[in-house]
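After this come two complexes, each holding subunit A, first together with subunit B and then together with subunit C.
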Partner chain A sequence: MLLTVDGLQIGFGAFSPVDDVAFSIDRGEILGIVGESGSGKSLTATAIMGLLPRVGGRVMAGRICFDGTDLVGLAERQLRRLRGGRIALITQNPMTSLDAMMPVGPQIDQAARLHLGLDRSAARARSLELMADLRIPDPARVYALYPHQLSGGMKQRIVIAMALAGDPELLVADEPTTALDVTVQAQIVQILVELVKRRGLAMILITHDMGVVAQTCDRVAVMYCGRVVERAQVNAIFEDARHPYTQALIRCIPRRDMLRGSMQPIPGMVPTAAAHPAGCRFHPRCPRVSDQCREETPVLRTGISDHGVACHRADAA
Partner chain B sequence: MSDLLSVDHLSRRFTNAGLFQKRQVFHAVSDVSFTLARGQILGVVGESGCGKSTLARLILRLIQPSEGSVWFDGIDMASLSRADLRRLRQRMQLVFQDPYSAIDPRYRVRDALLEPFKVQGVKLKSADATVASLLEMVGLNPALTHSYPHQLSGGQKQRIGIARALALNPSLVVLDEPTASLDVSVQAQIIALLNRLRESLGLTYLFISHDLGLVRYFCDKILVMYLGRIVEIMPSDALPAHPYTRALLDSTFEPDPRQRRTIARLSGEIPSGYNPPPGCAFAARCPRVSGLCRTTLPPLQPLTDRHQAACHHPLAGEARPETVQQIDTRLSAVP
Partner chain C sequence: MFLFIVKRLVLLVPVFFVVSVVVFLIIHLVPGDPIDNLLRAGSSTAQRVQIAAKYGLDRSLAEQYFVWMRRLVSGDLGTSIIQGRPVGALIAQNLPYSLQLGGAALLFSALTGIAAGVLAASFHGTKLDDGISGLILLGSTVPSFWLGLLLILVFAVWLGWVPISGARGWTSLILPVIATGIGGIALVARVTRIAMIETARQDFVMLLHAKGLSPAIIQVRHVLRHALVPVVTILALRIGWILGGTVTIEYVFARPGLGSLLIRALNQRDYPLVQACLLMLAMAVILGTLLGDIIQAAMDPRQREVRS
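Here is the complex of A and B:
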């Protein structure tokens, strides 16, 4: 396994918005982390990138093992060498990664110069190659443009090129297409999937969109209120979901063949990190709740297959 | 069934003339015509910049059209005086995408719900009873009466937005991406609420969205826009005839890993509304493009009595649109 996260707990002051999160990912694989606002999926990504201190949080417990090295407790200097190099991040809003005052091409060069030690002209050649690879038309012209001269889809391609410039092994993509139009989203998702398969990368795809998950991921971890409630192969998640939350989430998506009025919303709302209920955090909204659910926190149990579910009431997988 | 809303050759251009800029004309909405029957839900779909939000504001006459007219319940809105227009607006309401900016942050829920009555000068017998019944109508706890917007979740705020829109008992509600900033489970709640309210209050909806999957689920009829023009009007269970609608449909990610497909890659991006091409605006990205498409604008033509497309080369076999159910049956019959 290239990356193994185990028992990850994240603390912000007195709160733990992420608790006991575990998953792993290998080269050539796409792992989807899916959840709604407040599920802790983006914080998990932030922890993997070693960026928690920048947002005021810290790892309270657990390990984040990347290729044999535990990233938790690693010195900032060593983290910086990994970040943008062997581990790269793609964010939702391209402008959080791009410098508005600088042409986009040289911004792609930076990672290659920093992490691969290339000189100016070699880095430029590499950037142009990456841009062509991402199907950016006329790379030599686009290289000299500023971010504001590019469309949203083009900017996101530049951000992907920046992430690839340091020759990463692990890509962490946090809602990479959420801000884009549907036809552009389809293009970008396709590009990301091709990259992973062709270059043998590992990608953690963080998203709220079950459609994107179904079309791209190999394995899926479903998060609710800071915990992984279910983890399985993508087909198992959609066809054989065991956790009542996963089941309910799938029933919330409008499908082509559904009749109007047949979509079944989940009653109630997601509690904030300050008000996580005791026991199973989904219990106040769960149709199968029992007394045990109100008191005991269910742990993620894995049966014979690698289908894990954290529920007292689910049938064993 | 009579038409509640009739839009006739509606256009809007914006002129951009800065002090040091060249004068430029932006074509936001061009030659849009359609009707909406009472009790129906019309979905307006398109990507950013296609003019769908401008269309909504033109219909409500929050902005003036450059050409064309809007008829609401048989009344030409251009013929109304300001006072008459204000009165008519009670019957047509707008729900915004962003529930965070639609409510004054200094207003408590109660003030926000009573604001429409104040604006229209409607006297209430009991303000408390009105607030309580509005909250109940949208499924909110009466305990929220004295809360401020920042104390509410996104879904709760959108419910307040809907309650405000329904306060004056309108006939037409224009919903501009009402669920775009919400989580899926909250979206499902809001859509279920809108559906229930439509049935119980006999409302007519104009539902604007970028999500074709959601529109196909929720709406009776779909209007697809591209660069300010209608490219297709169709029943929501029909198959698209316009290659752009087809591409939109192919770009939506079905939540089914067994139905994975290579998405027909649509190259290029939407042209600029400052300088629309002379022919079909989709020509540069269209897989079925011909020389004719680049020079001549295709008119919106009927394929059936309920299906129109603006395309020189509509997708074959679509003259009699096949429903999704029919296709499923046909495909499942194949061994």
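Here is the complex of A and C:
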């Protein structure tokens, strides 16, 4: 396994918005982390990047093992060598992810110059190659443009090129298509999938869009209130979802054959980290709630296959 | 960009005339006139009328304005009524001192202020930030003339390192520059600090960290560049102020300068001299703002586009 996250707990002041999260990913694989806003998926990504202190959080417990090295407790200098080098981040909003006062080309160069030790012209050549690879038309011209002169889709390609510049092995993509138009979303998703397959990268794709998951991911971890509630191969998730929350999420995907008004939203709201309920954190919104769910926190149990589910009532349905 | 500068320069022409009318009216509407300062006690009304006629003060305000403006456009600033010397020569004599002090103070406050702001922002929330912020607060509340006196006492009287007063040699510039610049340092440091802290919260800075760049490089090459845009605005506004606003310092250090020249002329109601000084200071403020806009446009590609 290239990356193994185990028992990860993240602390913010007195709260733990992420608790006992575990998953793993290997080269050539796409792992989807799915959940609503506030489920802790972005924080998990931030933790993998070693950037939690930047946002005021810290890892309380658990391991983040990257290629045999535990990133938790690693010195900042060593983390910096990995960041942008072997592990790269693709952020959510391309509109705000680029330095508005610098042409986009040199922004791509930075990681290559830092991590691959390329000089200015070699880094430039590499950036132009990456841009062409990501189907950016006329790379030499775009290289000198400023972010505000590019469309959202182009900017996101620049962000992806920036992530690839340091020749990473693991891509952490935090909602890479959420801020884009639907037509552009499909292109970006396709580009990402191609990259992973062709370059043998590992990619963690964080999203709340079950449609994107179905199209791209090999395996899926469903998060709710800072915990992984279900983890399985993508087919198993869509054909045999065991957790009531996963089932509800799948029912929220619009389909062509749906009757008008038959969409079923999940009742209630995601509670904040300060108000996580006792027992199973999903129990106030769960249709199959029992007394045990209100008191006992379910652990993620894996059966014969690697299909894991954290629910007391998973077998009751 | 070139077109933007030309447009702004053309716009300066009407502004110049409006400012000239305001300046002219302000000094003429204030009670008192220069003749009182020329006559000895007990002079006759006849003498008074004679002097008024000599300087054209007996004509209507509109006429006086047009006479002044006609000469001004042809490059003649007129003659000081009280001192009897050409206004141009008086300004030329005092301007270098103001430029020296003002320029050095501006440079000093810009460099020190930006450095202090960068330090405070980079160590945001630590003791160092608290310390610098405290000094900033102190610096912006201490009156410059009081600080000037204190500096004289310590460095000129007790230690004897620099001259007490006057404007001979560059050592005489040190204390006035510190006294004048301290308020500017505080202002620049405060703006730099806040702008940097705000910029550092933006997404792109997080992504720069995700690239593995060192925090020092991120702070200086990226965050500071964004933060300097508002700082330039502040500095540009201070250009005009620093030329004429150092009167108290000029008095404390017994230095010549535009500020002292203007205050003396105002007390004596020396119309031509006051008008010329005020007009010049007003134009310096306007040109300073223009310069700030041009520098900003050169720094920020988004503004460059809007203004081309």
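Everything below uses one rule, namely that the second predicted complex is superposed on the first by the 312 of 317 C-alpha atoms of A that agree within 3 Å, B and C clash if a C-alpha of one lies under 4 Å from a C-alpha of the other, contacts with A are read in each partner's own complex, and residues count from 1 in each chain.
Throughout what follows, contacts are C-beta pairs under 8 Å (C-beta built on N, C-alpha and C of every residue); 3 or more make two chains touch, one makes a residue touch a chain.
Because the structure is predicted, anything quoted here is derived from the model rather than measured.
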| item | value |
| --- | --- |
| Overlay on subunit A: subunit C relative to subunit B, clash or fit | fit |
| Touching partner for A:I250 - first (subunit B), second (subunit C), both, neither | first |
| Partner chain(s) touched by A:L114 [first = subunit B, second = subunit C, both, neither] | second |
| Which superposed partner A:V289 touches (first subunit B, second subunit C, both, neither) | neither |
| Subunit B versus subunit C as contact partner of A:R81, first or second or both or neither | second |
| Contacts of A:A61 with subunit B and subunit C, given as first, second, both or neither | neither |
| Which of subunit B and subunit C A:A132 touches, first, second, both or neither | neither |
| Contact breadth on subunit A, by residue count: subunit C or subunit B | B |
| Vertex subunit A, arms to subunit B and subunit C (CA centres, degrees, nearest 10) | 80 |
| Partner chain(s) touched by A:R260 [first = subunit B, second = subunit C, both, neither] | first |
| Overlay on chain A, subunit C to subunit B nearest C-alpha distance, Å | 6 |
| Subunit B and subunit C footprints on subunit A, overlapping residues | none |
| Subunit C-facing residues of subunit A, complex | 49, 51, 54-55, 80-85, 88-89, 91-93, 96-102, 110-111, 114-115, 146, 148-149, 159, 162, 166 |
| Residues of subunit C that touch subunit A when the two form their complex | 202-204, 206-214, 222, 225-226, 299-302, 305 |
| Touch list for subunit B against partner subunit A, complex | 47-48, 153-156, 183-189, 191-192, 195, 210-214, 216-218, 247-248, 250-258, 260, 262-263, 265-267, 269, 324-325, 328 |
| Subunit B partner contacts - residues on subunit A that touch it in the complex | 36-37, 135, 151, 153-154, 181-187, 189-190, 208-215, 217, 234-235, 237-239, 248-258, 260-261, 263-266, 269-270 |
